[in-house]
Amino acid sequence: MIENKVLHVADVQKNFAGLRALSDIDLTITEGKTHAIIGPNGAGKSTLLNVVVGRIIPDEGAVVFDGTVITGKKPYEINQLGIARVFQTPEIFNDLTLLQNVMVPAYAKRDGPLRLNVLTALDSDTDIRLAAEEILEDVGLADKRHADASAMSRGDKRRLELAMCLVQRPKLLLLDEPTAGMSRLDTNRTIDLLKKIKAGGMTKVIIEHDMHVVFSLADMVTVLAGGRIIAQGTPEEVRRDPKVQEAYLGGAH
Amino acid sequence: MAPLWPPRRDILMTVIFGIVVFTMPIWLQPFGAAYPDLMQRFAIYGIFAIGFNILFGLTGYLSFGHAAFLGVGSYTAVWSFKLLSLNIIPAIICSTLMAGVFAVVIGYVSLRRSGIYFSILTLAFAQMCYNLAYSVLTPITNGETGLRVLRDDPRIIDAMFGSTTVAVPRAEIFGIAITGMTGFWACAVCLMIAFYVALRITRSPFGMMLRGIKSNQTRMSYVGVNTRPYTLVAFIISGMYAGLAGGLLAIVDPLAGAERMQWTASGEVVLMTILGGAGTLLGPFVGAVIIKYFENIFSSLGDATLADAFSFLPPSVEHVVVTIVSPFVGEGWHLTLGVLFMIVVIFLPGGLVEGFRRIGRLFRSKER
Amino acid sequence: MAAVDTLARTAPAPSAEPFFACRDVHAYYGESYIVQGISFEMKEGEVVALLGRNGAGKTSTLRTIARTDSPQMRKGEIWLGGHPLHKTNSVGAAKLGLQLVPEDRRIIPGLTVEENLKLAQIAEPKGWEIERVYERFPRLAERRRQEAVTMSGGEQQMLAVARALCRELKLLLLDEPYEGLAPVIVQEIERIVAEIKEAGITTIMVEQNAIAALHLADRAIIMDMGEIVYTGTAKDVLADKALREEYLAV
Amino acid sequence: MDAILLQILNGLDKGGAYALIALGLTLTFGTLGVVNFAHGALFMLGAFCVVGIQQVLTISERVRDPSITFFEAYIEQPYLVSWFGDTGAAIIDWVIPISLLAAIPIMLLVGILMERGLIRFFYKRPHAEQILVTFGLAIVLAEIVKAWFGANPIPVQPPEIVRGSADIGAWLGIDANLSYPWWRLIYLVSSFVIIGGVFAFLNLTTYGMVVRAGMADRETVQLLGIDIQRRFTVVFGLAAVVAGLAGALYTGIQPPNYNIGMEFLVLSFVVVVVGGMGSLPGAVAAGFLLGMLQSFASLNEVKSLLPGIDQVVIYLVAVIVLLTRPRGLLGRKGVMEA
Amino acid sequence: ADFCNNPAGSTVTLGFNVPQTGPYADEGKDELRAFELAVKHLNGEGDGGMLSTFKPSNLKGNGILGRKVEFVTGDTQTKSDAARATARRMIEKDGVIMVSGGSSSGVAVAVQSLCQEMGVLFMAGLTHSNDTTGKDKRRYGFRHFFNAYQSGVALGSVLAEAYGKERRAYHLTADYTWGWTQEESIKNATEAQGWETVQTVRTPLGAGDFSQYLTPVLNSGADVLILNHYGGDMVNSLTQAVQFGMRDKQVNGKQFEIVVPLYSELMAEGAGENVKGIFGTSNWSWQLDNDGTKAFAKSFGQVYGRPPSQAAHTCYVQTLLYANAVETAGTFAPPEVIKALEGFEFDGMGNGPTLYRDTDHQCFKDVLVVQGNEKPTSQFDLLKVYKIVPRSEVTYDPSIFGGELGPYDVAGCAA
């Protein structure tokens, strides 16, 4: 079987004022798989995602997505190519309703990075609206769709953000701690949801500290520490790696 | 956020709005404001504020230099009267377009920054326009006296259709002179169109994108939206509204002065919008009406008028009341305005319209 | 445990009154009614785990106890060591020895790590010296001049706990201290919390990782829809499978 | 050469005025996060402290003016002069320095009242509302002053001995035609002193750090047991004092009228932003930079090259600075960028 | 007849549009006093002021054409835009039949053309620009005040006599129509005397701090500074010039001098000591020795406790002249009133025999050269009349400024 790589992070380096946040990161993500990135706090996991989505331009190296080099592209261009991201602290539209929160990315996906869509009336656009409602249903927020996003609890905000990404049906979904702060119940629901998407063939990169989530979802795990990849492999391989146990998992696991 | 509205209500809302506007000469009578000059101002500044709200209310970018577009619109309209024709149609078109051109340039540069930095950039551009219009651009603007329409202007379009010599040059539309009430009707028609367009923008996906930008720019770029062109378009639209308003100012009174570009004028539209309620559709118009009402009516009330108004009271009481009230009218009308600003912001955050809504809700919930 | 001895209380509270008590506390965000009549008591030195699903009102309860401006407490009484917290504000509460480590950590932007710690030592009563914090958290010592908000989530969480330790503690409120932390760090923070417990600091801890919390706690309180639905010892909850499944899904 | 030196002095002098106003504005605007459109009004109130004290000192008896015969005219003879003769006249002559001392407590009180009574309710409100309410307050203050003192500028003179100009050429030992008004030199020196004082207060104490923290996150600072409210009040009072002193000193340069605050307001906002939001050194640097550039742009040689440049130089520089440095000269990231 | 705001009832309303704020607010205030006084006198109240000295007069002291005179006021803010707005309000809302006032030529020119469009008479108050009755003259606008050209003619020879023929002048000029024409007129007049003009610099109206414009003067080699400023601006620029030590300087071996071509009592009051010895011109002074002046100064002084300024004088006179023209015409209809004013020759209004010239609606009368008083005898004795330049010397050919008056009949607001 020829594995198709969707994303290739090639020899990426990033320094922050003397601090080496990422060094020699070389990583490939296979299509349709769920790839977990774990590692201690400050290992550079979020920074790595920032490099992928164009928030941070690496000092060296390149990121190749679907055969195109995306380093140096603007975040919106990268999203348009099919990469969506859930942030570690939810980035949502606080002043809009949940429904509108999901409709905005849906429009962005349909209309491209710039379309002055003044002639359609929001409400007559049933396609977008139905799609948005469906996703909200999936993440379990349908009954709150007319409430303002600012009034959500943090768990709900996370799910909302996930919905905003899912509605775009991205080729690659990047999740930065999607279940942090979620109750076990909601975590389980999210795991189920992500499994369902996996069935749909979407490629996912997931950063998580909750090993339960990692081991339920991941096909492949990369362990970062101090800005370097210290281990890589299937969940089982990684779990048994003594380096990983020392640097990350600690004695209890 | 209210649930999404069905579009039929857009038309209905515009019609109701139109009725309110067109009946102003009737219902403003008791307020002493039913004379053409003031009603024209209501409509014109209403357009200005509604347009400003498209930028500020939707995207959250607070421009402190919108008066520049008002001024550009006015100068362009007067030049159109001077060079092309006394007909208002070319004047309106030219002033709106010219303001649009200025908005492209100023917006393109200013929108590279956000927040207060954006505000100061727009302010700086407008102040440059103002200061230059006042000084070295005098050949174009006629400096402090203001640009006027003269009897011997060329008016090439009019010249093609016959003589350009008129007793007194006045704006007209196909032979109907734009003075007094005709001037108001012309402004009212423009106001309705402007209102409807603003309504459509607000309720369109484009409008929602703008609100998304206001709410969270970061998220916006990570869902694949290039925010800069969106804000630029909003900036241009609102600049064109200002240009239209400026053009209308010159149409109802063909003199364009540099003062209307000064920062105070830019500040005024900000105040109108916030006072009425930024982000609401009616708010900016309400704010414009109130400020212009104070400026024109309160400032002209004298002690004599007050004494008249309170003459139903016993003389001693009347005296006391007049003494208390008089610092707030006439020369002191600014004081009233200042107090009004403070009261509104302190007690009705979100502006008058939002305040009314809240009070309405309060009553409704009490009934229940 | 030597490391935390100064945390220990100096004099025992009068025994008739409970050390800490909430009596029929109601709180609102604007018009929305969130904390709907909470009552519970705690002995001095007790550690309580406050559990419940997302949106149950745990954070809101902690914030009400810490007397922040929102949610607004409209009814009820809160007593700490004989002082009426309900009559004071967040500043007063802090001066009585209450510390909240908030769920979003609330590290102050624009200040360095050290400045964030210093901030805790402006007002009396103070707790740990900054040098001692650095000994205990060498990672923070390394980063003392870095702008604190540019640190990683785990580092920030450490800072938030360390900051609370810089103040004299009578009641510590921990809102999801393990969230977003690597297992090693979780263990680290768990150890700190254990030390805190050992030192006899009364603590209320909100945690999604219910099992971890219950292992530490003496008692558990489970909330749902803004109300307390269950109170019992931690052991009971660990034992009661049905209960765990209904409210904690574990 | 003389021309250049003179223009430098003039630039420093203007810059001192801008820097002082911008400094006070930054204290409230950058530090407390409050867009205080009433800051100009504080400047104006400072100026009117001088006017008010002058009026008190010159409370007069009305003496019939015998030189006017065809109607009854009166001369105002200050009681101070009637009672104390030359000493009285000297006190009146020294009105500005006397008022400066009085202005400090008065402005501190004004600032504290303003913060207690109004501003503190607006820390968490959107900037737009802060603008509206403080603008309203500015109008109210200006109108009250106008009702009390009239709309017209009221002349105030610096003390006789510093009314003329100083022969700087002689001081420097250069044989140049270089003289500059005493009072403007005093203004320049005072602005340095005040700026230095404020910096020392905020940077050499932890006070400044706490205030900055409180601005970024009030709630957390309060949770740490700090009564940030009181500190905000003090900072606001301090800003009012700085503005008031700037205004009081300025009366010796230009007779104040009720509107003088508004005239300075916009300019001072530009200065603050060019300096970078929240940066006190930035505000001061920008104040001197813009003052200097404005002074030089007014040279006839420059104007003949670029007509109208003197009118727009401040704004032009503001645009250039903001386009090359996104957050002004020394602004911090994230402060008032949204 | 059908014309704008034909008074219907028993009253007639006049509109007094004066600056109550801005650099000319002082003069605005005094103008308003004069208007009130004029209205009183027209209505037969008070001592009648100049009604008794004005010849030939048809005024009866019973209002205008038997209608009681009322008035409304507005604040021009010394801005053309604002002034037009208040004038429009007066015309449209308050139904005024005549607008007067204004303290700036920019405003006067703007309001004057509005009045032409609306068909309402404009009796200009303070305006000294050549344009008001030159290139921007209007059929419906009349000016009693003198103008910059006349100032130049009157001042030129006096300056040459006092300061010699070899002088180098530096102009600071208010940047608007009045400043420009005054700069031009003074420049022409002084250059005709052999002076050289080193530099002319425009300053914005209401600048406040003039230091950046003053410092370059010091090193320019000029030995005379001409301040084409007025009102509050002049008070500031003159005071600051003195602070910069300009009056104590020797340049080119001569005493440095300052000239303020257009002077007023109010400015002198504002600038205090600094005006001593400084030359300028004036339209009128309350210290003139003639019956009209005395009658007016007395009745004004008794009501307001201070002598009238030239601003007050010109506004008072304009109101009376308008009322008289209506009485003469026997109607309020503007074309008739205009005809009654055009070519009107009168006396007893304080300036000696005066002509309202029909070709440009400019008044011709004697012009005063005044000087800041070195030794005032009273608190109001700030300016002394240095020379009275006779009317014949300041009369000029109207064609030098161009412009056209336009028609008598305009559709106006009645259309």
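Each chain gets a letter, A, B, C, D and E, in the order it is written, and its residues are counted from 1.
The rule is short, and it goes like this: a residue touches a chain if its C-beta (ideal position, glycine included) is under 8 Å from a C-beta of that chain, and two chains touch if they have at least 3 such contacts.
Keep in mind it's a predicted model, so treat the numbers as computed, not measured.
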Field: Graph separation of chain A and chain C (steps between touching chains)
entry: 1
Other chains in touch with both chain B and chain C: A, D
Task: Going by C-alpha centroids, which chain is farthest from chain D? Tell me that one.
output: A
Field: CA centroid of chain A to CA centroid of chain D, Å
entry: 52
Message: Taking the mean of the CA coordinates per chain, how far is chain A from chain E in Å?
response: 76
- prompt: When the C-alpha atoms of chain C and chain D are each averaged to a single point, how far apart are the two points in Å?
  reply: 47
- request: Find the geometric centre of each of chain B and chain D from their Cα atoms only, then give the gap between the two centres in Å, rounded to an integer.
  value: 33
- line: Residues in chain B with touches to at least two other chains are numbered 131, 134-135, 331
Task: For chain E, jot down the residues that touch at least 2 other chains.
output: 20, 204
Two or more partner chains touched - positions in chain C: none
Query: For this entry, which pairs of chains touch?
result: A-B, A-C, B-D, B-E, C-D, D-E
Message: With touch defined as at the start, can you tell me which chain D residues reach chain B in the complex?
response: 35, 118, 121, 125, 127-129, 131-133, 135-140, 142-144, 146-147, 151, 262, 266, 269-270, 273-274, 277, 307-308, 311-312, 314-316, 318-319, 322-323, 326-328, 331, 336-338
Message: Going by the contact rule set out above, which residues of chain D touch chain C in the complex?
response: 206, 209-210, 212-213, 216-217, 219-228, 332, 334
- line: Listed in rising order, chain A residues that touch chain C in their complex are 16, 38-43, 46, 88-89, 151, 153-156, 177, 180-188, 209, 211, 247-253
Field: Residues of chain D that touch chain E when the two form their complex
entry: 2-3, 6-7, 9-10, 13-14, 65, 67-68, 70-75, 151-153, 155, 163-165, 177, 179-181, 183-184, 253-255, 257, 259-260, 263, 294-295, 298-300, 303, 310-311
Task: Please give the residue numbers of chain C that touch chain A in the complex, ascending.
output: 29, 32, 52-55, 59, 103-104, 150-155, 157, 176, 179-187, 208, 210, 248-250
